[in-house]
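Two complexes come next, and they have one chain in common, subunit A, joined by subunit B in the first and subunit C in the second.
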Partner chain A sequence: MELRRYITGRLMQITLIFFVILTVLFLLFRLAPGDPVTRMVDPDMTQEDSDRLIAELGLDQPLGVQYVIYVKNFFMGRFGYSFHYGEPVVDIIWSRLPNTVLLFTTSIILSALVGIFLGKIASWHKGKKLDSFMTLGALVTHTLFLPWLALLLIWVFAYKLGWFPITGMISEEVWLDPESGFVAKALDVMYHMVLPLSTLFLIHFGAYLLIMRSSMLETLKEDYILTARAKGLEEKTIRNHHAAPNAALPVVTSIGLSLAFSINGGALTETVFTWPGIGRELVSAVSQNDYPLAQASFLLIAIVVLLSNLVVDVLYAYLDPRIRY
Partner chain B sequence: MTNAEQKMRVKAPARFPWFESFLEGWSIFKQNLLGKIGLSLLVMFALMAICSYIPPLINPMYNPMTGVDPDILGCTGPSWKHWLGTDFMGRDILSQLLAGARVAFMVGVSAAVMSVALGTAVGMTAGYMGKFADTVLMRLADMIMVMPTLLVVLLLAAVFGQLNIWTIVLIIALFRWPGVSRIIRGQTLTLKQRPFVEAAKVAGASHMRIIFRHIMPNVLPLAFLFMTFRVTSAIITEAALAFLGFGDPGTVSWGMMLQWVWKTGNMFQAPYWLLPPGICISLITLSFYMLGRAMDEVLDPRLRKEDQTD
Partner chain C sequence: MRQNRFAVKSFACRAVLLFVFVMVLGSGIHLTTSTASAGKLLKIGMLEEPKSLNIWRASDRWSSKVLGLIYQSLYIRDPKTLELVPWLAESDPVFDAATLSYTVKLRPAKWSDGTEFTSEDVAFTGDFIKEFKVPRFYSKWKFVKKIETPDKHTVRFYLKKPEAIFITRSLATPIAQKKEWMKVTEEARTKEKPLSWLMNHRVKAPVGTGPFFLKEWRRGAYLFLQKNEHFFGSGKEINGYLLGPYINGMILKVYGTSDAAILAIQKGSIDMFWWGVQPGYIDSLKQNSKIDLFTNEKSALYYMGFNVRKAPFNDPNLRRAFATLVDEDFIIKRILQGFGVRMYSIIPPGNTFWYCPDVPRYGDGLGREGRIKKAVQILRDAGYTWQISPVEPSGKIVNGQGIMLPDGKLMEKFTILTPPADYDPHRAMCGMMMQEWLRMVGIPAYSKPMAFGALLQQIKVRRDFDTFILGYGNLSLDPDYLRNFFISTNNKRRGWNMSGYDNPAFDKIANESADAMNREERKKLIWEMQKIIIRDVPYIPLYNPKLIEAVRKGTFTGWVQMLGGVGNMWSFCQLKPK
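So, the complex of A and B:
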């Protein structure tokens, strides 16, 4: 019951934030220097088509009316047409969303789990060689420049060794072959995902490792750990069942705090590996002056960030009952 | 109460309190291996930035942006004339690398100073005023905090066209203050309860005087610590932006160099061009990070949880 109230509260906050973002975007695209019509309507369209689109987007109306139409259009999923693809923007971003979510969630979950696991080990060997090695390794991988790491991985593992494809998400011969079933297709995507996933994983796990390590060291000073020791429990039980679950809480918080950072990284990774996700779509839309697509991709990314924040909050509230005040 | 404050309280009054506490901090800092490595690396990068003025003076062909070797019009490997080789137009990679150090410091430090100043001001105001101002400012901070800065700058580039380097710095600063303001606010909240603030209030000090004379000196060390983390995030954001092709075309940054090697399709053939800028960005990030962690320990070992990933 408490949890439900907490979630409702957070959901309302997030809705409010989203409306602010929606409004700021509206003002940005309408009030920036230049003609807003050129920003929303493809210059290559026929007169008839562009008139229809101007009417649909309300670009001939006063600003207040435009805003109402804009919000309505947002909920109807009408974002106009992409200049580059000539297709409705909403179709494009819907088809890219699953690819982004797949790469993004897999990388975050994987790096958090590995980070927690290794951080636990590092804290257990505090001051020894293994600890220094892990801490330094985490620092170094975490501070690598992401696009450069991606290029290096491509260079070594795709170009020199030829183990993995250089770019893309699917191989045409597998997907066009009517024989190949779901398993073959899934394996093909996984095969293409290895390098982008490794890039994101290498950048992110270090931060989680360092946070887990210091949080674990704090937790080990707590009284209940002393109690567990006094009871004569095995060290392994104390570490894995008494200390680790509590120590992992700050990691969950930091996932939330670093989401914006992860999203930036996701967009860069998608661009370098030409992974057909929203981040890459935003980057290419901006470089092609494809305003409707850029605006819609940004909105969708904002939604993804806000919802992931909600997921992290809920997860945290679930893991730590003290938070549900 | 943090260690730093404890130190401040027990310390005997000195003629130059700032200098004294600096010396004290330095003696702790000196024992920190990571801090020493970080600082040495930074000194090296600073030297690189200073040296960036030398090559164009020797020969105009070493100008990082416009200098082209008349004998070489393409991408060549390292030689005596060009220690790190030349890029696709025959420009010297080493001079570009040195110029990149200058840009990185410029971008990193100016964005960090601005965002930390803004964050400190907002944090102190929110913490000191409380109530309505606190709620509004902190909700605003929460909102900006979840925005991915890189993509925000991209979107602004879409609307306003090519952004110059100072606009980019300004946008980064405007989107990177919330983390700082949260910490400063927390610190201000505890400081507000202290007897010396009460005493100042009773003595009739104005709000402005209390904020600037009594609270600010106590939160500045903390703000300074955050400066190092902000420097790295600004450098990375600028580099990533340049890498994606939205940097200032008038500056040679490391991100720009990586974009050239990537976009001109030379990355498989020219490791001497691909490796140096990436190593530099990663190392400068690492060194500021190490410095930050070391200063963290000087100021307060328990502060470490916050904001490490960004």
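So, the complex of A and C:
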């Protein structure tokens, strides 16, 4: 009952926050200098053409009128057409989103699994060479400049060794071949994922390792660990079944939020690897003043992040019986 | 509970192992397939994919490149002379002065869907543009009074008044298929905003008369253009070229960055990179024996502009002094690393017919000291003074300070707006160099890089600026833009006369040039316009970068070089696999 009341309260908060985001997004894009028509540096685009396009896009209307139309359209589920693609914004987002989710969600899950596992080992060997090696390794990879690492991997594994494709998500050789079935195409995508996934994995697993290690070290000081040892339980059992599940709670929060943010992709990763995801599209939309596309993308991210926060909070209560709302 | 956890862990380990296994398997399959499917397909690397395949919307260069292979015009440019030659038209247009009309005979041709190309399609395209006032096209068609189609292969255009750009611009408009667009047009007429509706119309499979048609588009990955079996030029000799295409098609692959595309061409994943190679890559590409580099001029203009609406930039003497201080040779040698052409006029020298070489050349052949002395002389003669003169009575050059305008007031600090270095390092660097050169004579210039959208807003819309550095990377070969850039009627919000130049004498000649139907007569007027502009310097032409393109040796032969590079219609109709 209390949990239901808590969720209802949070949902009301989320609605309010979302409305603020909706308004801020509208204002941010309209107040930023530039508009989608002025950017067209084409001498064939006359002043009359520009004025006509501005009117067609509705950008000649007063800001208040534009805002009312924007809010009305949002609640009617009409996100409009991209100024640059001339296609419904929803279609563009839905065509890019699965690519982003595939790459980034896989990378987060993989990084978290490995990070938690290694963090557990590192904490168990605190102060020893293995711990120093893992901690240092995590710090180094986590602080690497992503585009540099990505280009390095491309240069070594794609260009020099030729093991993987340089960029992209699919090979035309496979997709144009009428004999290629679903499995061949799926494998082709996975093959193209190796380098971007490795880049993201190397950047992210260190964070999970460090969080897990630190949390484990705290947990190992708890009385119930001492009790377990006093009971004569095996060290491995104490580590894996008494300490690790409790220490993993902060990592769960981190994973939850990372998964939520994964839908905005990563403009850098997607650009370097020419991964056709939402991150690249978002940056392009913002830089080219493509208001409908940028707004809809940000709103989608806002919704997912707000709801994920709620889910993580509820999950936390489920995982940790001490937490009650 | 314990068993469950063990099972979960075991499952996770297996999942990771399976994932790695699948990836390795995937690489094996990929290698097998890629070896097996090599054929007569030309693979081209692009930086981005087209934004739209709707010819009326497509304004980005990637859409233009792709659609340029599908939609064709009546006339195109000869690669050597740059003159217009008949393409979908069979012969040159015939002008009838009495009726102010042009008659064009059409070649027998078919659309990529196999239907016949007729004069109805041409008339439909022109009427469509006029009816909906399609941006970027309407200015080239608004003076066409009516279009007649006496027969299936003849089209006659009646003009409201003489217009020089009719042949060079209007007749170079891509022709759309009436059958494809008729229904869309009828529906558009019923909409509240017909133009928006038309421009948002999604074209999945454009029907054209070009040598290729779109077979498949995998978003974010590649476009597959297949050879058009109905292409009117196949097996025919047009303009001295026996046309193909001799390839089965082309794959246009998307690479997000130049780095990736350059690696791809070096590795052999693509046969051509359809974009200018940055000077930084050239040495490594030259060392690769499997790469050919083509260098061509562009029809481009990069320049410094002044806001001549306000003091002190409304003084032509000050602008001439600026022009004298600019060392274009330094810009080309150091900033462009030698890959550029010096611009003396607004029209690039590669556009040989219209380019006027006989314009004032400020500071030409002078060293830094010589430029400073000459600039100081121009300013002194115009009444400018200094607190510390940059040229001492002995002729020694020192750092000038406190330049004062002819009215005795100290010149205030001003900005040179440039795009940021991540958008265009050359223009950003030019701004910084200009700042230093001007400061040497005590002119308080400050280079200010600004986000591109904001920069254009400031210059074109708000018109709140002092000076700026901008450029056009792909100017039309018809010089009508010269009129657009400087005629006083375009000195308005969002107009192309960004400097605010206002000279009735120029306006008169510019308008005459627009009406001049005789080419030689028009050339004289265009030359005169160039002389006036370079004399008054609302713009200082800075440079025209050369276009360097990389192709693989040994895969395809028959590249045709022309202004604008080897990625042109003639090349794609000539290329043969080795």
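Rule of thumb we're sticking to: the second predicted complex is superposed on the first by the 211 of 325 C-alpha atoms of A that agree within 3 Å, B and C clash if a C-alpha of one lies under 4 Å from a C-alpha of the other, contacts with A are read in each partner's own complex, and residues count from 1 in each chain.
Assume a contact is a pair of C-beta atoms (placed from the backbone, for glycine too) under 8 Å apart; a residue touches a chain by one contact, two chains touch by 3 or more.
Bear in mind the structure is a predicted one, so any value in this text is a computation, not a measurement.
After overlaying the two complexes on the shared chain, residue contacts for A:289 are found with subunit B and with subunit C alike.
Legend: residue contacts after superposition of the two complexes on their common chain; A:260 is shown touching subunit B, with no touch to subunit C. In the superposed model, A:187 lies in contact with subunit C only, and not with subunit B.
Touch counts on subunit A: comparing subunit C and subunit B, the chain ahead is C. In the superposition on chain A, A:215 contacts subunit B only, with no contact to subunit C. Legend: residue contacts after superposition of the two complexes on their common chain; A:23 is shown touching neither subunit B nor subunit C.
Once the two complexes are laid over each other on the shared chain, residue contacts for A:8 go to neither subunit B nor subunit C. By the touch criterion defined above, A:105 lies against neither subunit B nor subunit C after alignment on the C-alpha atoms of chain A.
Shared-chain residue A:43: touches subunit C; no touch with subunit B. Residue contacts after overlaying the shared chain place A:155 against subunit B and subunit C alike. Within subunit A, the residues touched by subunit B in the first complex and by subunit C in the second are 32-33, 39, 151, 154-155, 159, 271-272, 287, 289. Remark: subunit A residues 32-35, 37-53, 56-57, 81, 84-87, 95-96, 99, 110, 113, 151, 154-155, 158-159, 162-177, 180, 184, 187-191, 193-194, 240-241, 270-276, 280, 287-289 touch subunit C in the complex.
Within the complex, the subunit A residues that touch subunit B are 17, 20-21, 25, 28-29, 32-33, 39, 139-140, 142-149, 151-152, 154-155, 159, 204, 207, 210-211, 214-215, 250, 254, 257-261, 263-264, 267-268, 271-272, 279, 282-283, 285-287, 289, 291, 294-295, 298, 301-302, 305-306, 309. Remark: subunit B residues 34, 142-143, 145-151, 154-160, 232, 236-237, 239-240, 243-246, 258, 262, 267-268, 271, 274, 277-278, 281-282, 285-286, 289-290, 304-305, 307-310 touch subunit A in the complex.
Put simply, subunit C touches subunit A in their complex at residues 2, 5, 12, 16, 19, 22-23, 25-27, 29-30, 33-34, 36-37, 51-52, 54, 57, 59-60, 133, 135-140, 193, 195-196, 199-202, 216, 218-222, 224, 251, 253-257, 259-260, 263-264, 266-267, 269, 451-454, 456-458, 460-461, 470, 472, 475-476, 481, 484-485, 490, 492-496.
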